[in-house]
Amino acid sequence: MRRAAWSLLLLIAIAAAAAPWLAPNPPNQRFDNLLYAPPTPVHLFSDGLRAPFINPWRVVNRLERRFDADTFVHVSLRWFTGGTLVTGEPDAGAPLLLLGADGYGRDIFSRLLFGARATLAVSLVSALLATILGACVGGFAGYTGGWLDGVLSRVSEFVLVLPAIYVALVLRAVLPLVLPPSTVFVLLIGIFTLLGWPIVARGVRAIVLVEREREYALAAHAAGASDSRVLWRHLLPASAGFLQTQASLLVPAFMLGEATLSYVGLGFPNTIPTWGTMLQDASNVALLGDAPWSLAPAVAIFVVVLGVNLLAQSHGRTPVQLEP
Amino acid sequence: MARFLARRLLFSLILIVITSSAALLIARLAPGDMTSQLGPFASQVEVESTRTRFNLDRSPISQWGLWIARATRLDFGESFLYNRPVAPLVGRAAANTALLGVVSLLTATLVGLSLGVFTGARSGALPMFVRSVSLVCVSLPPLVTSLLFVFCAARTGWLPAGGMVSSTASNPSWSAWMIDVLWHLPLPVLALSLPMAATFERLQSQSMADAVHQPFVLAAVARGVPASRVLLRHAWPTSLRPICGVYGLAIGALLSGSFIVEFVTAWPGLGRLTFEALRARDVYLVAACAATGAAFLALGTMTGDLLLAAADPRVRQESVG
Amino acid sequence: MGTATAPGDLVGTGPFVLREYQPGQRLVFDRNQKYWRKAENGDALPYLDRLVLELASDQNAELLRLQSGALDLTHSELRSDDYIPVRRAEEEGKLTMVELGVAPDADAFWFCLKPEKKARDPRFAFVSKREFRQAISHAVDREAFAQTVFLGEAVPVWGPITPSNRLWFSPNLPRYPFDVAASRKLLAGIGLEDRNGNGVVEDKAGTEARFTVITQQGIGYYERGTTVLREQAAAVGIALDIVPLEFSAMVARLLACDYDAIYMRPVTTDLDPAVNLDFWFSSGSAHLWNMNQEKPATEWEQRIDTLMGEQASVLDFQRRQQIFTEVQNVFAENVPVLYFASPRLYYAHSRRMRGVVPSILRPIVLWNADSFSISSAR
């Protein structure tokens, strides 16, 4: 199971890294005649076995989203051309849409691959930073006890309850209207780290509270170890399991949080796809039955989370979902 | 014990005051105010009079001072959006959310813990299956579960696809209203409790597996105590400790999860009210919602700490400072 | 008497009486037994015993409830995204769909032209010239706009009065057909050329024609509209950065003239232009591109002020039409606001409702609520 989890996560990481090569179309190329187009099936047979080809979609009715495959035109898939692994003929109106097109006529599959980069980068880095910060604060609070512990606990509770969207709104007002993507990246990571550390801190604090009374901690004390040494070398590693699972929990929470923030106007600009913003396009529930492929980002998020949970499980830790 | 409770209550009160004050302050700093709701083409007179009525023409400090003074008299201001006092609005919404939350929590606890005991103590095909389903559910965020359930309800028509009461209810008696609510309850409860039940199941399973391998369990079996009794009277209480430790956080997660579920399933609770208030910059309503949210969270963490203290005497000695 | 008054104490002469108000959730109305109006055949109106209005915050949820039969009517028209499930429900016999015609308003795009705020902005020198705005109008392919943004269910428009406003629409106004070359020529004429080859035109001093366009977050039409607009403007060298903002933030910036350009649809409340004077008068609070002016900032706005003053006071309808056509001419020449396409509106209600006559203006259906009835026949 561990190997399965690792290979799954590795696959996703590679897919994200190799997105420009794996994606059949540029993520922002719009095909005006293919809004909401379904996936293009790849055929192998036409009077016998042939090289894989597709039949381009011709729009019959835009409002009703009806498309007909032009069976007279066979567009062979081109391999290793133009810097991509495989593609159709996007410039001739016959793109390879493995997961169909969204409401702007953009290829969902390509956006999924490119979206993995932004989404995973923000979520993973924020989860890491939040875990580190939370572990430090929580460990310190749990170990020291006394009024300092009280203060830190109250601060973390306060941050947990603060309406995050308000903070985001204020930031939106204070910052210049158009932000370069790198600034947005740093900003999002900052916000998520600040929102995520209290959850980690509480758990670490609870663990350290208990662990510091255990025999090995007392023994270390007796042997003359300084407070910080006891904390770092002995108590915090006891919370390693918790930290692992908590870090893995933060990842999907931040993925969805990124979508919420872009609703407030504090996310990446429209030109940069992320799984969160793609999910917003799929929120029209009535159409899920007709266009199930629009749920692809939800499936992607689910797969990543499942992989991380499997990993946690295989290490003997229980995956828990404590923060949506 | 009493001192512990008193201290926690005091801190909870301080937390509530600070949270709502911060919400009030941030609302002032955020761009636009409630008068934007009057539309971009409202007359100056109307805008000014609204500002005066809600003390928005004063400095933030003075507005905060006035609000605190009124709050001590249990007058939490008025809502611009609904044109009535804030307290009954928030009270009703909080009650709806509490209903949803409590039922979800109970469901998740019952289902999760019992399944966890089952899978933790045994091995075989069925426990394996339950564990896998649990893993899948833990990986599904409440947003996705609520979307899926609403979609299924809309397609099959087995359950109402949202809301708390039907629009066709006419002059219902109390029992009829209760039944109507019960009919609408399963959808949001399922969406909210499913990931949580899976969480509890996983936790309980792990800790049960740990507990079952403890020496005292072996001793009990060796003494001839029947297996079920060993499980329930000896192993299970010990296995509850990690769950109690997490219970407080679970209640907190319930609050934020309910926000999303309420939104998708149109359940008229605190989450939806807060969202509407935020959108309209209805400052006093937002402050009251933030305060209620803080109260829920404080209650949750206090419950969690109490449970943890009850389950593990070692923690009791070092009460939170 | 405010909205906090107990329902039993409210006074009115409408067909329904408020029985219950749950704030943020619903209003329950009962039949007014003493309603003054009668049907043509003498029957007592209204037919309905009870009307319940639910306050929905999410249009997706509202549509689902309509489809499942929990609701009989929706409060606003369908979005083009909703067409398919509603069409399917109609074929299954659950809903009735009605075509309302072309909307009386269209999505608008304008720059802030307030000299007091923008005079020191180097871009104002060319934005304030009408040729600049005319060039943008030339750059947009309105047919493609209608196809992409409204899935084909829209008609191209060039002014604030749409073809559905039959009394006041004038088809012979100056239009700016899709012509990229003409657009570029106009821009070059006011000194905007791409001198450094980066795809964006600049003036002689090197100031780029790059603008931030704010729009309301969360509305599919706006998102698609601004995407198309950005692409087509880029083709003539004007760079637009689209920033979706939350409604209150957008309104705050609009009122303070703290923006470069805005894209949104101001809703028309009445078809007669004399009722919309706050838009036409330069001193008006809805004079989008330069609100609440003390004195008209430009000569053509002065002209419109004079004409509209006459239009609103003259009684002869023909004369009023003539004057208003002249006003629209001035507006079309100077293009302070650009319009692209006006959507066709659709509405759906449950099968069992009778007497529903949806209209283009708001309130779409409740204007004749006293004539509603329910039938069990199909």
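So that you can tell them apart, the chains are marked A, B and C in the order they are listed, and the count of residues begins at 1 in each.
Rule of thumb we're sticking to: a residue touches a chain if its C-beta (ideal position, glycine included) is under 8 Å from a C-beta of that chain, and two chains touch if they have at least 3 such contacts.
The shown structure was predicted, so the numbers you read here are calculated from the model rather than taken from an experiment.
S.K.: Keeping to the contact definition above, tell me which chains border both chain A and chain B.
M.R.: Output, common partners of chain A and chain B: C.
S.K.: Give the chain pair, either B-C or A-C, that is connected by more C-beta contacts.
M.R.: B-C
S.K.: Averaged over CA atoms, how far is the centre of chain A from the centre of chain B? Could you give it in whole Å?
M.R.: 24
S.K.: Could you put a whole-Å number on the gap between the CA centroids of chain A and chain C?
M.R.: One centre to the other, that is 37 Å.
S.K.: Suppose each chain is reduced to the average of its Cα coordinates; what separation in Å results between chain B and chain C?
M.R.: Each chain reduced to its C-alpha mean, chain B and chain C end up 40 Å apart.
S.K.: Give me the residues of chain C that touch two or more other chains.
M.R.: Only 64, 67, 246, 249 qualify.
S.K.: Would you give the residues of chain A that are in contact with at least 2 other chains, written as numbers and ranges?
M.R.: As it turns out, chain A has residues touching two or more other chains at 169, 172-173, 283, 285-286.
S.K.: Where in chain B do residues touch two or more of the other chains?
M.R.: Residue numbers touching two or more other chains: 30-31, 150, 154.
S.K.: Touching chain C in the complex: which residues of chain B?
M.R.: 30-33, 36-37, 39-44, 79, 81-85, 89, 92-93, 150, 153-154, 157, 160-163, 166-168, 170, 263-266, 268, 272-273, 275-276, 279-281
S.K.: Okay, in this complex, where on chain A does chain C touch?
M.R.: Touching chain C from chain A are residues 30, 32, 35, 62-65, 103-105, 169, 172-173, 177-178, 263-265, 269-270, 283-287, 290.
S.K.: Which of the residues in chain C come into contact with chain B in the complex?
M.R.: So the residues of chain C in touch with chain B come to 2-4, 22-26, 50, 52, 54, 56-58, 61, 64-65, 67-68, 70-71, 246-249, 251-255, 266, 278, 285-286.
S.K.: Quick check: in the complex, which residue numbers of chain C touch chain A?
M.R.: That would be residues 60, 63-64, 67, 80-85, 87, 144, 147-148, 151-153, 212, 214, 217-218, 220, 223-224, 227, 231, 241-246, 249 of chain C.
S.K.: List the residues on chain A that touch chain B in their complex, please.
M.R.: 145-147, 149-150, 153-154, 157-158, 160-163, 165-167, 169-170, 172-173, 199, 202-203, 206, 209-210, 213, 252-253, 256, 279, 283, 285-286, 288-289, 298, 301-302, 305-306, 309-310, 313, 317-324
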